[in-house]
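I have placed the structure first, in the form of structure tokens, so that the comments after it can refer back to it.
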Amino acid sequence: MRKVYHRPEGLTDTLMRYCPGCGHGIIHRIIAELLVELNIRERTVGIAPVGCSVFADEYFNCDMIQPAHGRGPAVATGLKRANPDLIVFSYQGDGDLAAIGTAEIVHAAARNENFTVIFVNNAIYGMTGGQLAPTTLPNMVSTTTPRGRNTKLAGNPIRVCELLNSLDGPVYINRTSVHTPQWVLKTKKAIKRGFEIQMAKKGFALIEVLSMCPTNWRMSPIESSRWIEEVMSKYYELKLFRDLTKEEK
Amino acid sequence: MRKVYHRPEGLTDTLMRYCPGCGHGIIHRIIAELLVELNIRERTVGIAPVGCSVFADEYFNCDMIQPAHGRGPAVATGLKRANPDLIVFSYQGDGDLAAIGTAEIVHAAARNENFTVIFVNNAIYGMTGGQLAPTTLPNMVSTTTPRGRNTKLAGNPIRVCELLNSLDGPVYINRTSVHTPQWVLKTKKAIKRGFEIQMAKKGFALIEVLSMCPTNWRMSPIESSRWIEEVMSKYYELKLFRDLTKEEK
Amino acid sequence: MPKNRTEVLVDVCKGCGLCVEFCPKKIIRLSDDINSSGYHPAEIIDQEKCIGCGFCYLICPEPAMVIYREER
Amino acid sequence: MPKNRTEVLVDVCKGCGLCVEFCPKKIIRLSDDINSSGYHPAEIIDQEKCIGCGFCYLICPEPAMVIYREER
Amino acid sequence: MSERYLFRGNHAIAEGAMRAGCRFFAGYPITPQNEIPEYFSARMPDYGGVFLQTESEIAAINMLFGASAAGVRAMTTSSSPGISLMQEGISYSCGADLPMVIANVVRGGPGLGNIAPAQSDYFQATRGGGHGDYRTPVLAPNSVQEMFEFPKLAFELAERYRTPVIILADGLLGQMIEPLEYTFDPVDPKTLPKKDYILDGCKGRERRVIRSYDLRPGYLEKLNFERIKKYQKIEAEEVRYETDHLDDAEFVIIAYGTCSRVAKAAVRLARNNGVKMGLLRPITLWPFPKKMIEELTGKTRLFIVVEMSMGQMIEDVELVVKGKAPVRLIPHPGGGIPTAREIWERFQQFREEL
Amino acid sequence: MSERYLFRGNHAIAEGAMRAGCRFFAGYPITPQNEIPEYFSARMPDYGGVFLQTESEIAAINMLFGASAAGVRAMTTSSSPGISLMQEGISYSCGADLPMVIANVVRGGPGLGNIAPAQSDYFQATRGGGHGDYRTPVLAPNSVQEMFEFPKLAFELAERYRTPVIILADGLLGQMIEPLEYTFDPVDPKTLPKKDYILDGCKGRERRVIRSYDLRPGYLEKLNFERIKKYQKIEAEEVRYETDHLDDAEFVIIAYGTCSRVAKAAVRLARNNGVKMGLLRPITLWPFPKKMIEELTGKTRLFIVVEMSMGQMIEDVELVVKGKAPVRLIPHPGGGIPTAREIWERFQQFREEL
Amino acid sequence: MTNEIIIAGFGGQGIISAGMIIAQAGMSEGRYVTFFPSYGAEMRGGTANCSVVVSDEEVASPVVDRPDTLMVMNEPSLIRFEPRVKENGILFFNQTLIKSRPKRKDIKIYPVEANLIAEELGSGRIANMVMLGAFAAVTKTVDLDSLKAAQRVIFKKADEKMHRLNDQALERGYKLING
Amino acid sequence: MTNEIIIAGFGGQGIISAGMIIAQAGMSEGRYVTFFPSYGAEMRGGTANCSVVVSDEEVASPVVDRPDTLMVMNEPSLIRFEPRVKENGILFFNQTLIKSRPKRKDIKIYPVEANLIAEELGSGRIANMVMLGAFAAVTKTVDLDSLKAAQRVIFKKADEKMHRLNDQALERGYKLING
């Protein structure tokens, strides 16, 4: 008997303190597997955001750094420019990346910095207890839109892939999800592509991953998965927006 | 004999301290004319940026406020939400709006805040003496890209209209220029449309205006005008990107 | 002897039920027991039927699943 | 008497030359004089030919141009 | 006793602000103060005011800049890292003399630190963490009741002196739940005197400009000297503090906020043990109760400063005491909360060493 | 005298930094320090390092966070409003114990203020304008030569103590041009000792983590107490100052940076008039030369603090003098520069009033 | 009289609401009360605890360092908090979920089959109420009736059925002692 | 000996480079020098001025409040700076562009047809050099030759023709005094 699926070496032994059914764990595991499969674990520096996955610095079995809220792309720029031999990934939530960190992600993308961003869109501020995120859907309830997101008052959601796709800089932009095993596999492919592009020194890749937050969505994990399938993925189209390495061919 | 063209009442008597041939003066005058023509001067609050046009608060003959670098859209949001009867315009340069103020403009646009942004793109930091702007063209010389903007190192320019056009929020996005009398007239129409949309409480309008900075481009005013015609307007396409009020019809 | 084996790391599992939902063979359920963290962990009810597809592992956030396949 | 009149506010003008460039009738030039701010201001060399198009006003950043048209 | 309700500190400050006429709130979530924006989001519509969750703390403080210029009572709240991000905006607001209220529900630092209660932003609040010469009044509540009442006081000070006012609380005061009494009637903003500097369109008057700069040589300096006069007036007139058992005290604890609550318990403990201990609790951290401490200095054998920091307020104490009496520190840097027992034990040690 | 070149202060600091082994510069333009990034942009390629004009000061400080974690000597520069925006990042860098150098070419504040030279960011620099308990060494140059030399000193301190170090200059020092001598050989970063905390991939070693938080109860406090020990060590070992005519001085001016230059001229003026005046010039503003001032306190009839602010360093002076000698202030808030004549005249007034 | 109380257990065991019910009951009886929850990062699948002080005089410190009374609902909380109880203090522990036994000899210890009784009543989620009933009976800090009234205030959004169930659980806990 | 100098005029009149040339010349003669330009917002079409100190001892203050020597190139600068000149100080003014006349009686005043002479030499832009020549002749702060050498350092990117022209302008200014 051969162990075909098991906790990858890219994760530490520390048990993850996410809520049951949280998408962060799945995405962590995917990245961890790739660190091993691409043989980059020993030259990778991961960036944990401020958000539920602030604890990512305890979970990934590689060098990790934990910077200020939203500034992952700036820190990644510093790391990578100072030492271009590193493989750098910035793991960020939707509050981190699309609210407070808007300027940093837009400019890192415009500069086509050579690192990989994993953007976890769970349409909510998980860590702080379920407030409105830039990606919270219209009419969706959050603790700061208790009557649902009224876009007239609280504004329209931001679609990050579409936003960054208007720039010249980025090489790769893809939106996937982890709400089913099939999509987990696709997400893995996408993130792999992101890392490969970095390894080939081609530049900036961002993979947006729709991810369940059962706790703050006030749904069971299974309802959360269904909600991504039926609602969230309709609003955030799951597709490859750009792969400039392909166009080059 | 009737005075048909003369310094509009929307400008104060203070002489403007811009360099000879600077586009800011032209754009100021256009706005000032509209304050009078639309009869809104007495209920307008203008926002001067940090940039060469920080002095705009001395020039516009209406209530003015001068906030921190890049934060015009946040201040406009505060003013307008606190007093929706005001007419508010945010006048911003490319450093102000597209560098340090990226997050504020993106989110004000996404929220479809009901004010008007006049975005003066002169592809350079004028006030501070000619450093690279987010909009500086590839290979263009600035004092911080003395060998020309190498996009591999200094990144790719950001096209603000295209960026914001990826959002659901904004009602009106247009890019014009003031390098010829004809374009001055078109710019006036565009800004007028922006104000009208605000007066009709329809929401966010941004008019990007390509503008000469002879001093930092190290060109004569006439060369500057030609450079916009021949080079800059090729990179920054002059067109109406969006007018949702028209689509509604 | 089964072709494949799926093992639940009982104290790692948080009883989220995602594996239960996505197992194509519907051979996983949540146990009545409580693990050391206070959750009802997943358990395999019919190991024989497991096709080793790995869906339960793929969707598991912890991951609390280990899957063995027969060597060929 | 001319149909139109164009007046340069000498001490407002910064001698940028944009009006000179864009006057369709080419009737503006920069003077040899220096104004109070040290610039060579624009001057109209052939008022007769002015068509009152306003281009000089439209392109002037200060604005240092005033244009009169005959009342109809 | 009139009607009382159990209230969380964070809810109390929000309710207190709205009752004080606050009609504009802009803020960004951060623990341990998330219940403030949440409460505002739920209740502000009833008050007919504006609630906005912003893209960042920077946007929040700058929205206040605009809202205050438009004339409304405007407030933001955050916790330590978020307040650091506001320093430029606070400096601008001081430079433009705009009233507003900023509450900092302090947590452990530096950096991301932790989310436990702390007092380590004292320097930042009292010395101005931003650039340039300015001061802001700083109010330090120590109960849910004061969390409710201080926004009103803060707005009054802010408008009287045209200045931002900081409410310096901490995670404990934000999260703690105590009975609350509505001690004042709701303020109707329409009844407040009209401000003569606000931007509401120049109809029928000279246009107005709000700015924080003056590039003409010498002018900014003059302006700043003017502003210093305002600060001197605040120092002369707005000092607030509370005393406990000071009349016959030989030993004086100086503590504010949460620490002052713990200190009160320590004073009880000491008194129960026959020790003449008392407490001075600064309510305004700036202006600091210098005179009171000066008066105490003659008759006090030992000052004990208790702070949830490595020792910041102690500088203000020492600036007054000037070495004329021993001053000892019980520091808790990094989110630790002192206990009455600990203060009592450390006191005994200090006394022995005297 | 060896070869000397006329150098602008802003160019000198950039040249000095690169010669000191700085291989990463990130910054955002702001007057009066624009010549620094401009110089870096022109010369960094020759040194094989990284120059980046960033989207904001916030991005700059956070890029330093990354670059420092990667092990290179990293620097940013700005002026007052930009430095305010960096406060969160500076607090994080202190919390993560990352060495880096931050130069503030101070201008008049608060707010947009003006672009004239000022010293009104003293509190911010020495007390930590960011949140949480931390300190950063602060070096105050007063000549173009020191603008050139201090980056090296700053990097050495930064790495010895794993801390950000601030160089506090002002617009005059940045813009002024003086002869410069290359007083040290260029540092080759490759020859510097390898750091044992940097992130360069975990090959052949345990993985490393750089962070500024610890959410486990009590842990952050322990960590902070550890860091305080480091600060105590710096206070014990890294005080730097310069004296002028102090031996027999009855009157002592305390001034740093530009003010210390003016003060030196005032001392000359006084000496020429037969008055025994001297100057103490703090070079490190934190740690502050407390001991030296203590020593002077016994024999000094009057201290005069000259500051281009409303009086900030004076607090540090008073904390040491403790009322044992009169301390007078000559303040210039808002971009005014004192003159020697002014100091001399104010001194005479002070003396009469004694 | 002052009672300084700590309640601790898993997140989801109703620790916070139990504390608030005591505070509400105390306030309704005209006492001085303060309540302080643990909060934040511990939320994610960790433990929860809170402090309540009920007193006849103004509450000085809201921080309970050494409780007079400790109620623990799960194993880790017993380990963490037992050592802190004051001499002669009182410890209630949830016997259903806690396998080990308290070790202190200098305090009074009350085992409560909180989850067992709650499940009997129909829902493990009201184990906290059972605990509170026992607490009232032993410490007399607040009356049973005050607790009943208080739970209706704290769970104001719950329906009458739930309120009744809570009352039953409070009574069952109370009767464990005064049965 | 210490000479504290202020030079002032329009932006574009070479004020800053004039100051730097004095500083360079002073340094080359082994003197202590400091130079401080006005900078920044005044750039936009305003005036420019700078301070230079040349001294035999270390320069204490780089801030020139009351100059020993003032050179003004335009009208507004005369108005602004004339009152500041020290008693018995020296004032040079650009007679070509300045219509009014200095008022002080307690200082020495030298009118210099700077622009006129410069235009004669072929370019108004070297009026600053004419001024410097006169300055050297009167004050003897630095030698004419040092100035000539210095302009080649400061304008290192200019061509030989320009350098020659500058030298001529310096000489013409010098000869106005020592002619």
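Order as written gives the chain letters A, B, C, D, E, F, G and H; numbering starts at 1 within each chain.
The rule is short, and it goes like this: a residue touches a chain if its C-beta (ideal position, glycine included) is under 8 Å from a C-beta of that chain, and two chains touch if they have at least 3 such contacts.
Given the structure is predicted, the values throughout are model-derived calculations rather than measurements.
Asker: What's the fewest number of moves from subunit C to subunit E, given that each move must go to a chain touching the current one?
Answerer: 2
Asker: Please find the two chains that have the most C-beta pairs touching each other.
Answerer: E-F
Asker: Hey, how far is the Cα centre of subunit E from the one of subunit G, in Å?
Answerer: 34
Asker: Would you mind pulling out the distance in Å between where the CA atoms of subunit A average out and where those of subunit F do?
Answerer: 39
Asker: Once you find the CA centre of subunit D and the CA centre of subunit H, what distance in Å lies between them?
Answerer: Those two chain centres are 37 Å apart.
Asker: Find the geometric centre of each of subunit A and subunit D from their Cα atoms only, then give the gap between the two centres in Å, rounded to an integer.
Answerer: 59
Asker: Hey, what residues on subunit G touch two or more of the other chains?
Answerer: Correct list: 40-41, 45.
Asker: Could you say which residues in subunit E touch two or more other chains, in rising order?
Answerer: Where subunit E meets two or more other chains at a single residue, that happens at 31, 52, 55-56, 58, 81, 88, 92, 96, 111-112, 114-115, 211-213, 215.
Asker: Which residue numbers or ranges of subunit D touch two or more of the other chains?
Answerer: Residues 14 of subunit D touch two or more partner chains.
Asker: Which part of subunit A faces subunit C closely enough to touch in the complex?
Answerer: 1-7, 15-16, 18-26, 29, 178, 180-181, 184-185, 214, 220-222, 225
Asker: Help me check something: in the complex, which residues belonging to subunit E touch subunit A?
Answerer: 28-31, 34, 37-38, 41-42, 51-53, 55-57, 81, 111-112
Asker: Once bound in the complex, which stretches of subunit H touch subunit F?
Answerer: Residues of subunit H touching subunit F: 20, 23-24, 27, 30, 32-37, 39-41, 59-63, 65-66, 153.
Asker: Which residues of subunit E touch subunit F in their complex?
Answerer: Against subunit F, subunit E makes touches at 58, 80-81, 83-85, 87-88, 91-96, 106, 108-116, 118, 120-121, 123-124, 127-134, 211-215, 217-218, 220-225, 228, 309-310, 312, 315, 318-319, 322-324, 332-336.
Asker: What residues on subunit B touch subunit A, complex-wise?
Answerer: Touch list, subunit B to subunit A: 99-103, 106-107, 110-112, 134, 151-152, 154-159, 162-163, 165-169.
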